[in-house]
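Some notes on the structure that comes next.
All chains are identified by letter, namely A, B and C, in their written order; residue positions are counted from 1 within each chain.
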Amino acid sequence: MYNETEIIKDTTNLGPEGELVVNMGPQHPATHGVLHLVVTLNGETIKKIEPHLGYIHRSIEKMCESLTYRQFIYVTSRMDYLSSHINNTACALLVEKGMQIEVPERAKVVRTILNELTRIASHELWIGAMAMDLGAFTPFFYAFREREMITDIMEDTCGARLTMNYIVPGGLMYDIHPDFQTKVKAFIQQFKEKVTEYEDLVTGNIIFQSRTKGVGVLTTEDAISYGCTGPVARASGVRCDMRKIAPYDAYDRVEFEEIIETAGDSFARYIVRVKEMNQSIRIIEQLIDNIPEGEFVGKTKNVLKLAKGEFYQRVETARGELGVYIVSEGATTPYRIKFRSPGFSNLSVLNHIAKGSKIGDLMATMGTLDLVIPDIDR
Amino acid sequence: MLSLESITKTTQDWLLAKFDPTIALAIECVIVIVLCITLFAILGLVLVLLERKVAARIQIRLGPNRVGPGGIFQTAADTLKLIMKEGLTPDSADKFLFNLAPFVVMMVAMLLLAPIAFARNFQIWDINIGVLYISSISSLSVIGILMAGWASNNKYSLLGAMRSGAQIVSYELSAGFAVLTIVVLTGSLQISDIVAAQENGWWLFKGHIPVIIAFVLYIIAVTAETNRAPFDLAEAESELTAGFHTEYSGMKFALFFLAEYINIFIVCAIGATLFLGGWMPLHIGHWESFNHIMDYIPSSIWFMGKTFFLIFVIMWFRWTFPRLRVDQLLNLEWKYLLPISLFNLLLVTVIAIMGWHF
Amino acid sequence: MIKLEQHLKNNHNRLLNNSVDNDTFLTMTNEAIKEFITARAPEAIYDESGEWLNMIVEPHQLKPIAAALLGQPMQMDFLFCLTCVDYKTHLTMVYHLTASTNRSLNLVLKVNLDRANPIIETVCELWRTAEFHEREVFEMFGVQFANHPDLRRLILEDEPATAGDEKKESGHEPKGYWPLRKDFEDPINMIKL
């Protein structure tokens, strides 16, 4: 299937005016996956960044066209693997919307709690990975200490630690683990005590601040024009939290703030994510004692068939707005499905904001965009 | 009392009694070489393990704990692995320079051992320009790194080597000025004189605030000079994969790795000698009885204790701070550290002339 | 906090034209949008059966209508989804639009294209996010975007390896490899039902 890759033998040709073209990726420690950036450098200064995608392209959209409405959800866990619960929720919500399935309250609340736990886990991993991009190894382990508790909760509840596949159209696949509430409470306790540790280690660090402040500045106009969403856009002062704009599940009955920063630089993006974790804790605290009793899954037909028409569902993943667009012809499988992944739009802004900065700044910028490559390639 | 001093003395006496002086000298040289290489191997093993344990401690994990009790043979096992690995040379590399580079770096590290006083009268070569010798030789290591980066024919390596060149050349200045403050106070370039001058107290305590400033500057500058985090831009694995040694594998990589740790040991040893009295026990002015008790602790233990304390500090830096950006790194040196060093040297000179130090 | 409020207010004001009354803008109904579009493209077809207002316009009208929607008073500055659907008889470009200051205002703009020769004007100058999305549509559906600054493959390999074989076998240029078109047959089909 593959073309023979041509090896460039002529190494004397360095391009015009001493430009240096460096391939960052697909195997590179800072791209966290198989992102391939062709970076044109002039000395240490970046002149152009060209992303080459597709190293983990599995054509999920095409695959979904031959999977039923029960099956296609499991594929989406493999897109943004750090927000797999939220991806599943998006698909489940869409099917529920298309078939007018009534979801029990219990399922709604549990889904919201799990979504927020996923968001915290994702941001924790991001803090560690981003600090590592900037050369600090230690925060990684501190962040993983708390993330480990979440993955343990997920393992108890869903049987999986990364690709959960727990949320199905109509509710949940099975009921929550009996220890769920105690464990989540223990986690909240631990998180509140320990979150300051790595905040001290990272936020207040003068080197960290000088590496991120004023680096990779994304203006409000650009954030909107490039279709950025999630913490990236919110750090540039765009209100775009789907949990506020179009509340789903139990988000309409919880109080939380949409974190907005205006600086638009890497540090603002960092701050937004850290504050978001605290808001997620706040949401979980409001819900964890109020999980209603009752069914965990609503009544659904054995064979799911969406009515003829078009459906669109937006949810807020840890990276931004995930849109699922389904064109249905009334069959058991979608006619066309499109995943509008947040990472894809967020990546498109990289060249714009990292141009003219140093290689070191590229790491800060790319790190704070929080790119998950399977999410971009799909 | 059995001390390193008496062992060397006995050995020398025995050699001189048995052989004629030239042969005795030759045998001594061989002994010194063997000892140096042994020291290198042991230091490499110990420091790598220490680094991994310190890192693990800071990062709330256990670190190596499977090979031997508490993982003490982990680095030995790693070394064995590295020896058995194939040493690849890239096709398009400049093969001679590529293979030479790790040895240049290693050789520089070895040469630096010569004037270091490990214990009372236990020194390879008490050269009368000791400090100058150290300053001049240590700046040679940049040649090895540039050689490695250039010969690899890899863009990452080249970028790393260029960064390293700029960095070492800049920070050499601050380190040099920090060393000069002690030379000014002592009035001698000889290591043994510098240590002897700290008979009644270490320079860090005797020299008021300027020496403390010089000490801090020295630690920052040598951290940069040995390419350690937060100044590890030459390697910067998240930016340049592994910087100048990206293309190296097997034992050639191990030599770079070893040289890094030996360099840390040497700069810390020099720091301990200049600012913390080297092998000199903690003496306070004329407190005769206190000084006498301190003298019971062997001088080699004093030296190693101080050195390892400084090594620990440098490791602590690495596992705490993020990395600086290349322009910030140079800004820090040329805009802050260098002017401070110059002013500080002036201050110390005034103190030395006026005799205000203790 | 005050600074933040101020910023958001300024942002809002900047994005809104001062001449437009805030209330009219925020309560803009589907009827108003229709009126706005009909004034510019009388033959547009509307469909309100779905969640949001859908409308189908002619390919040559897309650019002026898109520009009008981006301008006053709609301010539809947020293109949150751009894709294409293959209906076997024709291709349909789908643009999901919203206003960043009023996210309750959503609009789906559709353009039907000829399947044999799909060509349409790019919208990258209006919404820069379109650049990547259009490149994706280009390689997945074979839609040509006129005046696109950098219309290259983004995700798939530069040229499918099988293209050469087919050319050798049949002697003419292959039809094109657009995986998301319905008639695409993967040479190695792992999930064929």
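The criterion applied here is as follows: a residue touches a chain if its C-beta (ideal position, glycine included) is under 8 Å from a C-beta of that chain, and two chains touch if they have at least 3 such contacts.
Keep in mind it's a predicted model, so treat the numbers as computed, not measured.
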item: Distance-to-centre winner among chains (Cα means, whole assembly as reference); value: A
item: Chain whose average C-alpha position is farthest from chain C's own; value: B
item: Intercentroid distance (Cα basis), chain C paired with chain A, Å; value: 23
item: Centre distance in Å when chain B and chain C are each reduced to the mean of their C-alpha atoms; value: 62
item: Rounded Å distance, chain A centre to chain B centre (Cα mean); value: 45
item: Shared interface positions of chain C, touching two or more other chains; value: none
item: Contact footprint of chain A on chain C as seen in their complex; value: 3-4, 7-8, 11, 49-52, 54, 77-81, 83, 85-86, 94, 96, 100, 103-104, 108, 127-129, 131-133, 136, 154-159, 161-162, 179-180, 184, 187-188, 191-193
item: Complex interface listing, chain B residues touching chain A; value: 55, 58-61, 92, 153, 155-156, 159, 163, 229-230, 232-233, 236-241, 319-328
item: Of all residues in chain A, those that touch chain B in their complex; value: 11, 20, 22, 28-30, 41, 44, 131-138, 140-142, 145, 201, 205, 207-208, 210-211, 358-363
item: For the chain A and chain C complex, residues of the former touching the latter; value: 1-3, 51-54, 57, 59, 61-63, 66, 220, 222, 224-227, 229, 237-240, 245-246, 260-262, 309-312, 314, 321, 323, 325, 327, 335-336, 338, 340, 344-345, 347-348, 352, 377
